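These notes open a run of structures that come right after.
In the two complexes that follow, chain A is the common piece, with chain B as its partner first and chain C second.
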Partner chain A sequence: MRTPPEVSQVDFASAIAEFKRTVGQEWVFTSDADLDLYRDAYSPFLNEPEERIASAAVAPSSTEEVQEVVRIANRFRVPLYAISTGRNLGYGGSAPAYSGCVVVDLKRMNRIIEVNEANAFALVEPGVSYFDLYRYIQEHRLKVWIGCPDPGWGSVIGNAIDRGGGYTTANYRNHFDSHCGMEIVLPSGELLRTGMGAIPKAETWQQYKSGCGPWIDGIFSQSNYGIVTKMGFWLMPQPEAYLRCTVSLPRYKDLGPLVETLNYLENSRITSGFPDIASPLNGYPPIGQLQLWNETGPPALTDEHLKLLASATLGYSANREAYGRRTGIAYWELWLSFHGPMEVVEAQWQATQRRFAAIEGAKFRVVNRVALPIDPTKAEDYHEPELGIPSLRAFSIGARTPWSPTPSKGHMWFSPIIPRTGAAIIEANRVFSAAARDLNMPLFRTFTMPACFWERSFIFILATPVTEDPATNKRYREGFKKLIEVGGQHGWGEYRTAPVFQKTVMDVYSFNNHALQRFHETLKDAIDPNGILSPGRYAIWPKHLREKQS
Partner chain B sequence: MDRREFCVSGAVAVAGIMAAHAQPTPVPAWRSGSAPPDALYKVIFDVRFAASQAFGLAAASVGRVTTGIRGDVTSLWLNDLQRQWALSRAGIAGMTTMHSFFCLQQLAKDHWMRAIVCAEHRQQGAAADAQRVARIVGIQAAGRAPTLDPQLVSWVIAA
Partner chain C sequence: MSRHLRAAGQASAAAVLVVLAGEVWTPVRAQDHPDPYEAGKAVYTRWCAPCHAAGVTHPGTNALTVKYRGVKPGVLLEWQDLQAVAVKFVVRHGISVMAPFRKTEISDQELDALAKYLSRNTPPT
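Coming up: the complex of A and B.
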């Protein structure tokens, strides 16, 4: 049997026996075959001794069982690592941040406690996946949408507390922002409810977020201060119609006005859905079309276009721009979507066109004009998550195809946040492409577009491949860390990262001699004095491991 | 064929009956140890590839229940396997692309199931493991060895 570090075999055996008494022996896993299931499928340490692995796994079915598991862990000083469904591939998966932890696997806690159609909210447990919630809503014919990421197999709670996002309207696609109320098992085993849930007979737990007094929900995301066992979410009322349109702009210099206009439209709630900026002239697709490109192949480019793609600097050359104007290929193409009554979305689209018409040469196109709900059998015609439909089609992006003959064995997401301006896109490309070239990293090789998951910032979401060659993986890991540092030097930080990079990322958040990190540690010492919960998650180490890990 | 492979290949009828009449319980029979060996529930093939289609046809000809996909496994999961695996950890086998297999393998983890055979056809020596998959499915016994395609993987997922 594997044993956690700094725990004797006798103590660990006792803890395992007590876990079995608590959850039933069939829900405690100690064999290598079972624990292999908790390895990170995209581990950056593939086939290397540093890969983070669990010493055991325990799968409670209720909040009470989670509380008891935590109390047992405190008695024997056994480190735990909680996962919901463990599907945040590219950000660590189901493997612990600290090797040897016992994984607390919450997937059996999969109750959908409430879905309220009248006021559009839900209360769920951590084992509820987007598929589960979608199925429930469909089976009960409720007129609400979920916001789901690509792919849709993850936990609704897990993605939210890892601060992931989706593709519907701005206030729903930020999954942590769309939550309302949490229930948390603290490292002591005590149960806490946040917001209005702190009132014993709360009637508005999922209807008013902050309650009264300090609002603490944020400290339970990307952290190790508690195990979230219930969480409420605001859902999007099912819209009557969906309008998908593009705005095409012909010149490189149009990027700045494009972003400014988009910001006005989105911040004013005139455009509601996920905005997606592509560059057809630079051969860069919109995110929403990626899976289609990978299923059917990217659009064919002429020899002249391919030659031009190899020659530009920061996505620009006069020849390229002239080629685009001659052939009608847009420099920039903004995909917008609108949700609501048909007459409203048509009016929003009219207002959008009026705003963009100020940019010379702007062209407009309606891609989809759809009355909702759509026929589920037609969902494949769309990028499903933009319609609140979970899917696994995103995995076609990593598939072996004639146009992608050597897919990776996984990837690590490089995902810095940058300002939402055209100038920032160009500057980030300048900085990161130079650094990536020096480091021989397979990122920013061509002009790269950020995504608009968040309302007031851009985010790059770039896959650094995991290969079968440990030497290459080591080089990529080191290069990845350097890129994080380079971003930090320019004021840009990652929004989320895999355990192997969490210290490097948090070191970037260093204002006033790492005041934030020190505050995290002060909280950790107060809330979890035995340091049993998810040690090292987002570089928050308990006192007894802090020096060793720094 | 080891014990697990034998169980997967052999107990089709028994598991089929079990699945049809089983009721969801807080502790599924497969975890309490009282269930019979979990059998091969279904064979998955990808209609876009001739070798995979032939594999599916051969599996059907020996009495296996088959489902054709086109790369994406969303519908197979949502409308079939998720419900099936909530009742019984019945095994599945297939010849698909790696990304379809990867998705199914990840989904199977939710039920503490895993790949017990995986033959990536482009890899040297894949033929032997592809033959194992064929044997588990029962195709080889019918004299039909699978054709290999470097874009595909033969696999079995089971408890």
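Coming up: the complex of A and C.
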């Protein structure tokens, strides 16, 4: 049997016995074969000594069992690491941040406690996946949409507390922002409810976010201060119609005005669906079309276009722009979507066109004009998560396809937040493509467009492959860290990262001699004095391990 | 006001879920179906179909089509030589970008049923 560091075999055996008594023999895992299932399948340390691995796993089925597991862990000083569905691929999978933790696997806690159509909210447990919640809503014919990330098998709670994002409207696609009310087992084993849930007979737990007094929900995301056992989410009332349109712009210099106009329209809620910026002339797809490109191949380009793609600086060359003019291929193409009554979305689209018409040569196209709900058998015609429908199509990224015959072993997401301006897109391309070239990392095929998950910033996402070759993985790992540091030098930081990079990322957030980090540690010492919960998550270490890490 | 409470425990236990994206699902009692593959089918539909059902929109199917280039079908359900032991191995070890499945997702018993279902066309050796 594996043993956590700093825990005696006798103590660990006692803890395991108590875990078994609490959750049942079959839900405690200690064999190597069973624990291999808790490895991060996309780990850049695959099969290397630094790979983060668990010493055991325990799968409680209720909040009471979670409390008891936490109390036992305190008694024997056994480190725990909680996961909901453990599908955090690209950001750490189901492996702990600190090797030797006992993974608390919450997949069995899969109750959908309530879905309220009249006020559009849900209350769920951590094991509930987007597929589960979607199916439940379909089964009960409720007229609400969920906001889901690309992979539908993830946890509504797990994704939100890792601060993931989806593709519906601005109010709902930031999954942590759209939550309302949490129930948390604290590292002491005590149960806490936030917001209105702190009132014993609460009637509005999922209807008013902050309750009264300090609003503490944020500290339970990307942290190790508690195990979340319930969480409420605001759902989107099913819209009447969906309008998907594009705005095409002919010149390189139009990128700045494009972003400025988009910002005005989105921040005014004239458009609120997921905006998606492509560059047809640079051969860069909108995210929403990526799965289609993977499945049926990217659009064919002429030899002349291909030649032009090979010779440009930061996505620009005069020849390329002239070629676009001649052939009608846009430099930039902004995909917008509108949700609401047909007459409202049509009016929003009209206003959108009026604003963009100020940019010379702007062209407009309606891609889909759909009355909702769509026929479910037609869901594949769309990027499903934009209609609140979970799927696994995004795994075409990295999988074997006719256009990518050598599959990858996974990927690590490099995802810094950059300003929402055209200039920042160009600057991020300049900075990171130069760094990637120096580091010999194959991250840039052409000019890269950022993702518009969040309203007032971009995420400049680059997928770094994981391979079967340790030497290549080492080069990419070290390169990844360098990219984080380079971003930090420009004032950019990751929105989220895998445990192996969390220290490097948090080191970028160093204002005033790491005041933020020190505050996190102060909280950790107060909330979790024995340091049993998820040590090292987001570089927050309990006192007894802190010095060893630096 | 429509208010829906679900007190029952594990969704997967008694009910067989029809789960293809977009399809309406209905709980079905196991004893209504004498089909020996019912349990395996339920696991397949819940966990495998989103990647392995027919059509290029399923990354698993697309990958297998390219990998076997006509020698074997891309759709797993159509294989005539899939061994139960191979099913179990891939589910627990993963392959390419497919991550393994934990026992809290697919239990050993469910995996047995799945392997039996996916190898139903395979002649015994």
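Observations on the model:
The working rule: the second predicted complex is superposed on the first by the 548 of 550 C-alpha atoms of A that agree within 3 Å, B and C clash if a C-alpha of one lies under 4 Å from a C-alpha of the other, contacts with A are read in each partner's own complex, and residues count from 1 in each chain.
FYI, a contact is a pair of C-beta atoms (placed from the backbone, for glycine too) under 8 Å apart; a residue touches a chain by one contact, two chains touch by 3 or more.
Just so it is clear, the model here is predicted, and its values are computed rather than measured.
Following the overlay on chain A, a clash is recorded for the pair chain B and chain C. Of the two partner chains placed by the overlay, only chain C lies in contact with A:296; chain B stays clear of it.
When the shared chain is aligned, chain C comes close enough to touch A:116, but chain B does not. Contacts of A:136 after superposition: chain C is touched, whereas chain B is not reached. Within the superposed three-chain model, A:408 lies in touch with chain C and out of touch with chain B [touch as defined at top].
Of the two partner chains placed by superposition, only chain B is touched by A:24; chain C is not. Of the two partner chains, chain B and chain C are each touched by A:37. Of the two partners chain B and chain C, it is C that touches the larger number of chain A residues.
Taken together, the two complexes place residues 27, 29, 33-34, 36-37, 41, 61, 85-87, 94, 107, 131, 135, 152-153, 295, 380, 390-393, 395-396, 398-400, 407 of chain A in contact with chain B and also with chain C. Those residues of chain C that touch chain A in the shared complex are 1-11, 17, 19, 21-26, 46, 50-51, 55-60, 62-63, 66-67, 92-94, 96-105.
Residues 24, 26-27, 29, 33-34, 36-37, 41, 61, 85-87, 94, 107, 131, 135, 151-153, 295, 380, 390-393, 395-396, 398-400, 407 of chain A are the ones touching chain B in the complex. Interface of chain B with chain A (complex): residues 26-27, 31-33, 71-74, 77-78, 82, 97-100, 102-103, 106-107, 109-110, 112, 114, 151.
Of all the residues in chain A, the ones that touch chain C in their complex are 27, 29, 33-34, 36-38, 41-42, 57, 59, 61, 85-87, 89, 93-94, 105, 107-108, 110-118, 127, 131-132, 134-136, 138-140, 142, 152-153, 291, 294-296, 376-377, 379-380, 384, 389-393, 395-402, 405, 407-410.
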